[in-house]
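Once you scroll down, you'll see the structures, which are given as structure tokens.
Across the two complexes that follow, chain A remains constant while its partner is chain B and subsequently chain C.
This part shows the complex of A and B:
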């Protein structure tokens, strides 16, 4: 039986096991618990989970193979100047690890992910595969209609796959479930920003990753449990620099990289890890037309990332500045995957905005299997020192 | 009354601990690691400097770690070793405008200003041929005590050239030299020249052209290395730089940590009072 003191360890150990399980045992277990259950994979950054959930299916986040997967077949599909996440995802698929999925959703993250949806259709002919396009016009009558049409297509497809239509009632119920989930994640982020020594990002990240394979109701409970458990033990507070980590919205860094940033004297007080769970920034309307509600939330109250189109030039960097100011951050760490066109092309624009606001920053690149952490520690460590010793504040 | 701060520098070969009251240095400890737990040695050093200064743990305003000290649980904060060697270097020698920190595993040249702010730096790569551990391995092979290395090297009349690229190649060179009956001082001097040549290259990359270069870290008191560094600066026609050492050079990192800890303590108090107002 667990004591209050080791409850955090217990929760994080469970999350760690789920994170390391590239055979997706939790998904298989969920499917086996009731006949006819189906699971739908989704890639970063965001897909409307509510539709999958309302169809009675488990949305499963596929965020690459991490640093433990040896990519052999996946490399044959891509040129050397392409990032690693599509390679490791192909490897996961070709080695049968994703056989537990009944379909895959590929959001409009970048050309590579879009093209992967086509490759997936060719490679896995018996699976449901859908490219999820998003609007680049944020007018309800234009982009909104387009997005509703896109979501409607997924809704009908999943209804057919489930053998029953996805009703408005089921969608509204799923919106309620995901509103609770989003609230729990917002609380988690607020807690970490207030007491980063109590909820280290290496733990928060594992907790988020558990949400890739657990049903949202269970994950919401787990987040609440973690927050409650954190308050039962006091951890030492360090004199660290408060930073926002931006860039890892798609291919995820290895856990060692997150730990290295923290070890080198930084408290991560906001980030772009697992943005899928925080993409819609507040509650989605729970009554009325659920498709309209999801569309409005996307158009008007969703996060900004390099993979999302900014309709107005003056909006560029608004989300990052908000993260810095609202979390009391003292600097920004740009951590982008190597060859990530969206992140690396946007980086100079964001850096210019930060410079204009006199917010210090540093930048480096990684791959999901980066193993050499000494340069990261060196760079993050000197950055933290420069903030602590030489900043004007 | 000035604040009490403790600096702990966990290196690859030794744990160094110092205690300061403001800018006044009250106590110091060096403990070779020798396969022991560095975190335990850090605690031991912490307790011992407190005891020497006749102070209690509650008197300490800030405990700062550096080097590999990120995991010291009782620390208030951690500073990167380049930052602390820069500050410690200026404390030990206010004229210093560059610090060459050479420890057990690697070496780095740091160009600094009069406040100890790092202006630029360059480190050795992964190869250990420019490090103290390498020198210690060679000394063991030659049957020479570490303390004798510098003195013997300075008696060399005809130094032998040693690879400055790779520790493995350098060790092979040394084995060949021994079999060719090359005198021990000439071998040691050859190694010192090889190391000094790498360090001068690092210094050049930082962009410094004139001023005092202070040697810090575990090898700072190796008189043979210092002499070789001075000779290499002459050979490379860098007349504006003067290489020196200091009897407490090994403590530079810990000193810098303690002094930056004091600075942070004051800054945090100021921020807190500003927020309260």
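This part shows the complex of A and C:
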């Protein structure tokens, strides 16, 4: 039995073990617990998890191989000027590590993931593979109708794979489960923003990543546990600069990079890690037609990210500005994966808006296997210092 | 060895016609304001030229501007200016060439000033970058923007839901926006008329492209084809002038077929066809002539290319259909090459290898184009596996001269041609 004080450590070590396990032991264990269980992988940014869950399957977030995976075969599929996440994902697939998955969903995040969907069809012929298109038109009668059709197709496919149709009741029940999950994640983000010294991002990040392999119900409990445990211990509060980290919604930076930002004197008070869990920004309607409810939440109440179209010029940067203002951030760190078109094409637009609002920012690129942290630590440190000087002036 | 018969720079009638069309279009753009004409901008894949013509727009295509600037060696500076303005070295160089051109005062490739567009028709077909490109232009120049989201053929087919979605956007979003900006009321019969004209040109373009099935091929299906697709993929499809261009072009090609002549290159005619290749990926524009010469000098003729299908896969049967105008526009957008999924792209290449009796596949991988490039190494493996023909890989960029290394490309090509030769000799025993 753990004491309250070391409960945080206990939770985070568990999350860390899940994060480091590139064999996806937790997924295998979940599948083995009952006959016929299936798991479906999804890539960033967003797929409607509720449908997978309602089919009785485990949605598994595949966010590349991180800095622990040695990529050998994957490199033979990608030129040097393509980001890292597809090659490490291919490596995971070719080395059998994703054999525990019964299918993969590839969202329309960018052309790299889009193309990977077709590559997967060729490379893993006996697995279910689907490209998940999401509408870039946000009218219920236009984009919404198309999106419902897309979701319906996934629903039917997964129903077939499961051997039983995915009912409206099951979908509504899954929406309830995910509403609770989203609420827990919102609470976690609010808590960290209020007391970033109590919930450092290196921990929050590991906790989020655990949600890639745990069932949502269990992950929700874990987040609650963590929040409760955080309150039982007082950690030293520093005079750090409060920053929002934007850009890492797909290929993930190494954990060391997140730690480096924090060690350099920044408190991360909002970010784009695991945006999938916060994509739908509030409760999805729990009664009525579940597909309509999911569609409406996507169209009208979802996060902005660079893989989504901003229908009006005025919308650009709204989400980031909200993150900055609502979290009391003093600056923005643009951290983009090298060769990431969505993040890097978006960046100048967001920077212009920040400049207009006199919000300081700094920018760098990373890869999931970046090893050298010193330059990033230095850059983030200088940025934090300049913010502090600025606010003192 | 130089197998191209050296003559003065050769230009055929069709070439002159095309040059005239292009210059006229740039002139129309330059004088649009004087003539009270509104200006539209849209992309090559999913280019709804017939529709834009219904609203009397002067029509600009930013990719074409970038490539024209590339060919005129102007793009390098534009790209660097855009990078100095905060754009990443990692992203698509077409975008940076366009933004750089705007930063330099928006003077077009022919030296004529280009007006800022009144409307950006964001036909989101087959390339993610398009979306950000027009968002960037909108943010800087405040242009009205209308999105046409074209779903990707993830399953390798066009479902009725996908088509309906595009048609609905055309009806409810695109057409009303074009009406509003232009002040011209939409007339579906006018659209039908343009589409009728398009079909005639499309028929002839396909004849021209397919002439490469003959030995020797009378055309180059990559370097030559980028000229042949010009009017079709840009501001001219649906115009009687384009029909005339394709009539003339086809007559010339037919004549060459009869005379069993090889393709005409800027350096002269290819006297002996030694290698027949299929090429995947866009060309390099900044050293276009040198690049072509590396092939022509070796007697290598490209018989089919995927790039010649970016603005519509007409050779597999698609034609604009004036009887179902909006549905047909939707199908056109949905069917462009980079909107096809990987298995389709591979099938297409294998089919070309077979039908055009090619000796091998060459992939020109573009550093800054994820839409084409991400996954090309799998294409290479699969095509080799399925056809048993050798494939090779070179890397260049579209309009960034920093990424064209002539020596490297030449070396690669030479060893590739050697490989084909060896394979042939081995096959003969």
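Just so it is clear, the second predicted complex is superposed on the first by the 390 of 393 C-alpha atoms of A that agree within 3 Å, B and C clash if a C-alpha of one lies under 4 Å from a C-alpha of the other, contacts with A are read in each partner's own complex, and residues count from 1 in each chain.
In this section, a contact is a pair of C-beta atoms (placed from the backbone, for glycine too) under 8 Å apart; a residue touches a chain by one contact, two chains touch by 3 or more.
Keep in mind the model is a prediction, meaning the values are calculated, not measured.
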Check your understanding: After the chain A overlay, clash or fit between chain B and chain C?
Key -> fit
Point to revise | Touching partner for A:33 - first (chain B), second (chain C), both, neither | key: neither
Check your understanding: Should A:78 be classified as contacting the first partner (chain B), the second (chain C), both, or neither?
Key -> second
Review point. Looking at the overlay, what does A:381 touch: chain B (first), chain C (second), both, or neither?
Key: first
Review point. Which one hits more chain A residues, chain B or chain C?
Key: C
Review point. After lining up the shared chain so the two structures overlap, which partner does A:392 touch, if you call chain B first and chain C second: first, second, both or neither?
Key: neither
Point to revise | C-alpha centroid angle, chain C to chain B via chain A, nearest 10° | key: 100
Exercise for review: State whether A:131 touches chain B only (first), chain C only (second), both chains, or neither.
Suggested key: second
Review point. Looking at the overlay, does A:263 come into contact with chain B only (first), chain C only (second), both, or neither?
Key: first
Review point. Least CA distance chain B-chain C after superposition, rounded to whole Å?
Key: 19
Review point. What residues of chain B sit close enough to touch chain A in their complex?
Key: 62, 70-71, 73-80, 82-83, 117-118, 123, 260, 263-264, 267-268, 271
Revision key, fill the gap. Contacts from chain A onto chain B in the complex sit at residues 236, 238-240, 263-265, 378, 381-382, 384-385, 388-390, 393
Practice item. Would you pull the chain A residues touching chain C in the complex into a rising list? Key: 76-79, 81-82, 86, 106, 108, 110-112, 114-119, 121-123, 130-133, 135-137, 139, 141-143, 145-146, 149-150, 306-307, 309-311, 313, 316, 336, 338-342, 344-349, 351-352, 365
**Study point:** Complex contacts: residues of chain C adjacent to chain A
**Key:** 85-88, 90-92, 95, 122, 124, 127-129, 131-133, 135-136, 138-139, 142, 145, 147, 149, 151-152, 154-155, 159, 161-162, 164-165, 168-169, 172-173, 341-346, 365, 367-368, 370-371, 373-378, 382, 395
